[in-house]
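In the two complexes that follow, subunit A is the common piece, with subunit B as its partner first and subunit C second.
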Partner chain A sequence: MSTATSTHADEGFNLKEWIFTTDHKRIGVMYLIGSIAAFAVAGMMALMMRLEQAQLGAQFIETGTDYNEWLYFHGAAMILAFLIPGLTGFAANYFLPLMIGAPDVAFPRINAFSIWLFYFAIILALISIVIPDTPDIMWTGYPPYAVTTAGNTSFYVFTVHLLGFSSILGAVNFLVTVIYMRAPGMGWNQLNVFVWTTLAAFVLQLVFIPVLAAAVTLLLFDKYLGTHFFNPAAGGDVLLYQNLFWFYSHPAVYVIFLPAVGIMFEVIATMAKNPVFNYKVCIYGGIGGIVAIGGEVWIHHLYVTGMPDWIRIGMMISTLLISVPVGLVVMSLWGTLWRAAITYNVAMMYCVAMLYLIMVGGLTGIPLAMTSLTVHLSETSFIHAHFHFIMGLFSTYAVFAAVYYWFPKMTGRMADTGMAKIGFYLNFAGINLTFWPLFIIGPQGMPRRYWNYEMFPQFEGYHEVATVGAFLTAAGVAIMIYGWIKCAISGEKAPANPWNSRSLEWTHAPNPPGPGNFTESVTVSAGWSPYDYHK
Partner chain B sequence: MKLKQIMSVLNGAAASLLLATPAFAAAGDTPDTRADWNELWHEVLIDITVIGVIFIVAAIYMLIRFKAKSPDEVGTAKSLTTANAIGWALIPAAIFMADDLYLAAKGWTVWEHQRTVPEDAMEIKVTGYQWYWEFEYEDGTTTDELKVPIGIPVVLRMTSDDVIHSFGLPYYRLTEDVMPGRVTYIWFNPIEAVETLVTCREFCGNSHSEMYTAVEAVSPEEFEKWLAEQAEG
Partner chain C sequence: MSVESEVAHTGGTQHEHHWETSWAPLVLVAGIFMLVPIGFSGYFVYENQMMTIIGAGLGVPLILAGVAKWVQEGMSHENLVVGVSIVGLPIFIVSEIFIFLGLFASYWMMRLSAGNNWPPEGTPDINTTIPLIMTVILVSSSLTMHVAEVKLDNKDNGGFNKWLIISILLGTLFLGCTVYEYQHLIHEGFVPETNAYSSAFYSITGFHASHVFIGLATFVAVLIPALKGKTNHAFVVCASVYWHFVDVVWFFVVSQIYFW
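Showing the complex of A and B:
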């Protein structure tokens, strides 16, 4: 199905070839570059916010709106332009076709269109920082504020449209690819866990993105065309938006979480030289269960909006029950380490940190699932720390682990250097220093999204520590990104299969793979498994 | 055991039941939802800490214990039989589900207290504005801070004049959004004198983080005096 349009010239870098490429690997690399760029800008915003909060009183903002604009950009860009494209754009594009033995995705030109839309969206988002009426509506864009603000909500809406369209096309492309383009002989129970989690994420995208697109479009109409969908004075309802928004945006958490877990399984199974523990239960019970329940819990984002009690209690139960499929996934992660033969590389170090992040982030979700506790924890820094652990940090570490783990595959060179380890330790120390203080002061009343906390002067020390942590993390990230660039150019040459993996992208494809990926077509036997270390 | 002894035990049990019932009813009239929240929080913290410590200790143990001795070594985990695989699914799932339902039941009880307004509650209307709070007492007096008398439960009927705000009362462990076109409520039981505050908990624009004011529980006499002063001013 792949076409002859993917040609790799050996005579060095050619920008035109990259822009017009239909090769899934180049598209994957372009997703990585774009999403890391978004991550860097959104990360700067985080540093500015942490500096502003470091001590009581205004540090360097002129008005609260400055802070709100950074906050908006940080959230919107990290989720929509870094995590989702980093995981379902970069990682899925580059590695999924290789893992299933396919020469490319099913529709390479549509794939190329997806990356164009993604870049248009990133450019639009970046322009929104420099226009005079920068959006300040938070990534959630709740009306009536998003309608009445002087900020330019349309930039937000159009960015969401472009990214949503890009993701829907990607979803169709990857579902068809996995269904029809697996190597001959490859059964469903022989797929890499990452292939399953990507599939699950794209099913969620396909089902739920249209609802988000509808919600933000109605917002656009209310603000610029004078409609009243969310205007109670004219018969509209402010909660309609929140219901539509979270109907997508809670499953979006799993769109991010699931591929991150998939990457974790690839790295851990390979480095532990063990098959994935209880594979079928993990896939059909764990991942399948998350997809099945993930769409029925969104009211937990509306626990304090005065929704009817029966639905708040109902979704408290469904939210708590998410711990069952997630628990099965966790059992498989832990079980894979049992009687293992573990070797450590930098990717594995990030994955070990993820074992801790999934625990802290997941378990702090339990009090938040309970309506009776959330009526106090809602919109405090406890929630801020919780979702940074489980979504922000966990999934960001997955992107980093993926880059280190598959760096030899993408570049033919190694990125595992002493500096990379120092970067990891700085980063890990930093995130703990940043977010544990927020866990502590949240239940004492520290609201999130506050630059000013003069009403709680006792929290100043905690904020100082959190700010120091943010800069340690930033130092770790800077060392890491510098190391990637340096190693891509002049790193040590990598062996063909540096981690002794049994997965197809390592055993059958060269480093880096050329057009069409495999030198000869791949078939697998009935007994083959990507985690088959014991034979 | 002699019949006499059994009778005395039964008598004691019946008497304590009879005595306990009115005592329970008196305390149950106005629950202290702050104490309820603290107790539930404490239990849930223990619950999640135990689970977290078990898993993290297990992970650290395995990560050290099962380090490869040579780069060529492979894991030696046995593949699961079907019965084992099902067991490893059903037993953890049952444990997680049991814990979930236990927590849900606990949470529900507290929720009942939090959402059931006592009949004798004093009603105060709250309106959120960008970026301040306004309180209207039963006699029509409006104020910019909230003062309540000790000993009477207070119910706040809340709405917004502009965008969405959220009424966050950290001391009383309560938050509820304040929205245009809707009226929401929270109630709390001021049982002791305390000076605390309300902060806005839903992003509402430029001065969101300056939208806070004093909340004070004072003696009924002091409250009456203050309210009269406010009505004059």
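Showing the complex of A and C:
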């Protein structure tokens, strides 16, 4: 007799089946709900910071530590609890097994283990904002402050541990899934770009997260067990932490960037009805190149903290070099649109915005890569606007595009409403209003991370505009999330393959797929491709 | 449609009719959450006895229940793809290698920047005989585990149990040596707070010892069903490969921490 509980699939909602589920689709939906919740709370923190900066002097802040706590939660939750779980958790979980024709991931119980590590990490993060000694060390946790602060550094460390463990197990799970569970006949050059980018992201997670785990563990030891890893007075080294931290946290940018690009390829190829331009160059040169170089650029986060020149110059070269593989990927994105009759649905609108974000974000990255310029731009709002464009907003839009594009797959209903378009325009106008002023005042001397900028009264107008933009964005997001909930319950019924895609998740699985995904197991022939639009 | 003709439908053997569930992962995570973040913070951060007792008191039984249920399910369930766990474990070990690399890199950085002032003031003479004895014990346990695997391949379940128990005893002896060594050093005033070397010493050897402990726990999880005559080949191979990995790491620990 089988010992695992197996219940029959009923129509309707069964709470026990959801909580104890090991099914990749339900785990994917749970990742989406958890990461959007984290996004909402972290977004509130951003609004509070923007409101505080709207005018000179204190608006409603009590002590500077409040600002540090908002900054801590905003950064840590957006990156670790929204973007990474939203892309490699939600999107990879739900769609990767469907795209390769697999009934589930290789280790469904380990997958359930990962989602619960993620949820308990969120619980811990939420506990840490209500306790009296909230961590106030931003998402980076630099010593010596993280060691000497009265804030609870241990909750930060354990949040990172839980999320990191979750991602490492996810990496093991998905690497094995893609290697061993592709539909019979599916060769490596027939994979969706999203499968490739997810694979690349998980390789990076597998190799680099452990180093972050080591870094924060040593932080914990230093603060609570009295070790001296980061204490120069006793033979330790403060820069050691920064090196270990950025050794993971720079590749983490690619962990987020790569699946976001993968989602873009799925949407763009489908809406343009074109095969992916330069597929092999994009995969092996672009994505492979990012994985190969991504681990050798972390020192550019330490340009101004004191590094020997020869290291700075070497890392400047590798940082500039990474624009070559990124350029190959972007070329494939634009090439896929060549001579296409493009369908502009909401997912595609977000992807067009992403083409703009990657352009502005990428170009503003070039001066920051150069040591001579970065010395002046570092710690100004220019860098703040740069990484919000290329990383924050770009990847956030990828999550939104993924939800709109696959909404019919997940719910059997459409989410492409007029409201959704209004939400998009508000959001897009808002982000430009927020971050262009910051791009402008950064080189003029506006520092980042200041809650009060009384010494720079000339920037007040820019900050007012940025704050208005932040609230426009929030309004757009609120309309969007309201629309998702409404459409999931009572949206227009979707046809089986609303975008006429050729990818397996649309052509072979029902909306939404049941247990085991496919009604019959799938095999593909040598001539098949998920982007087979020209036959 | 051209796609339809190129993508053939084959027999419906993989179609499943119900949603798979298991409570083991949730219970295990809840246990880890109570034991590690709550228990640790209760003891070291808030120095609150009640919080520590609640954390550990709920955490340990939840972990044991989760592991027991998981092992039981794993023994009686077929994987979707037979034998993939044997591939999954080495991939996981890659990340383990990197966490040890992170720790060793920290140690090397401190060690190299100290130049000739090493070991720093306050370090007593570290006995190098104990780590050699420990090396012999750990290598022997790897060998006995290999013998156990061979016995299992020859369908000799009694022999497998016997050699597995010997490996567990050797592993326990190894941990006993660690405890003895720590007690001795702490008695001499060499504690994690002492200096940079003691920080690295306790972090790295302690982290390795925790891996030995996990390996031993895995062996016990293999042994309990094996005593009733139930073994899962993939599970045994994984436990054994993990043990060999922990053994190999020990060579780095000994050579870097004790003999450099």
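Operating definition for what follows: the second predicted complex is superposed on the first by the 526 of 535 C-alpha atoms of A that agree within 3 Å, B and C clash if a C-alpha of one lies under 4 Å from a C-alpha of the other, contacts with A are read in each partner's own complex, and residues count from 1 in each chain.
Here is the rule we use: a residue touches a chain if its C-beta (ideal position, glycine included) is under 8 Å from a C-beta of that chain, and two chains touch if they have at least 3 such contacts.
All values derive from a computational prediction rather than experimental measurement.
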Fit-or-clash call for subunit B and subunit C when the two complexes are aligned on subunit A: fit
Following superposition on chain A: angle at subunit A, subunit B versus subunit C, Cα, nearest 10°: 110
Partner chain in contact with A:T343 - subunit B first, subunit C second, else both or neither: first
Partner chain in contact with A:L175 - subunit B first, subunit C second, else both or neither: second
Which superposed partner A:P144 touches (first subunit B, second subunit C, both, neither): first
Contacts of A:F518 with subunit B and subunit C, given as first, second, both or neither: second
First (subunit B), second (subunit C), both or neither touched by A:P108: second
Touching partner for A:D237 - first (subunit B), second (subunit C), both, neither: both
Partner chain in contact with A:Q59 - subunit B first, subunit C second, else both or neither: neither
Smallest distance from any CA atom of subunit C to any CA atom of subunit B, in Å, after fitting: 12
Shared subunit A surface residues [contacts with subunit B and with subunit C]: 236-237
Residue ranges of subunit B touching subunit A (in the complex, touch as defined): 36-37, 40-41, 44-45, 47-48, 51-52, 55-56, 58-59, 62-63, 66-69, 71-80, 85-86, 88-89, 92-93, 96-97, 99-101, 103-104, 107-108, 110-111, 114-115, 162-164, 166, 168, 170-171, 173-177, 179-182, 184-186, 197, 199-210, 212
Of subunit C, residues touching subunit A in the complex: 2-4, 6-26, 28-30, 32-33, 36-37, 40-41, 44-45, 70, 72-74, 76-77, 79-81, 84-85, 87-88, 91-92, 94-99, 101-103, 105-106, 109-110, 113-114, 117, 120, 191-193, 195-200, 202-203
Touch list for subunit A against partner subunit B, complex: 63-65, 68, 136, 138, 142, 144-145, 148-149, 232-233, 236-239, 272-275, 277-278, 280-281, 285, 304-306, 309, 312-313, 316-317, 320-321, 323-324, 327-328, 330-331, 334-344, 352, 355-356, 359-360, 363-364, 366-367, 370-373, 375-376, 378-380, 443-445, 447, 449-453, 455, 500, 533-534
Of subunit A, residues touching subunit C in the complex: 2-9, 16-17, 19-23, 26, 102-104, 106-110, 112-113, 116-117, 119-120, 123-124, 152, 154-155, 158, 161-162, 168-169, 171-173, 175-176, 179-181, 184, 206-211, 213-215, 217-218, 221-222, 224-229, 234-237, 240, 244, 247, 502, 504, 507-508, 515-516, 518-525, 527-528, 532, 535
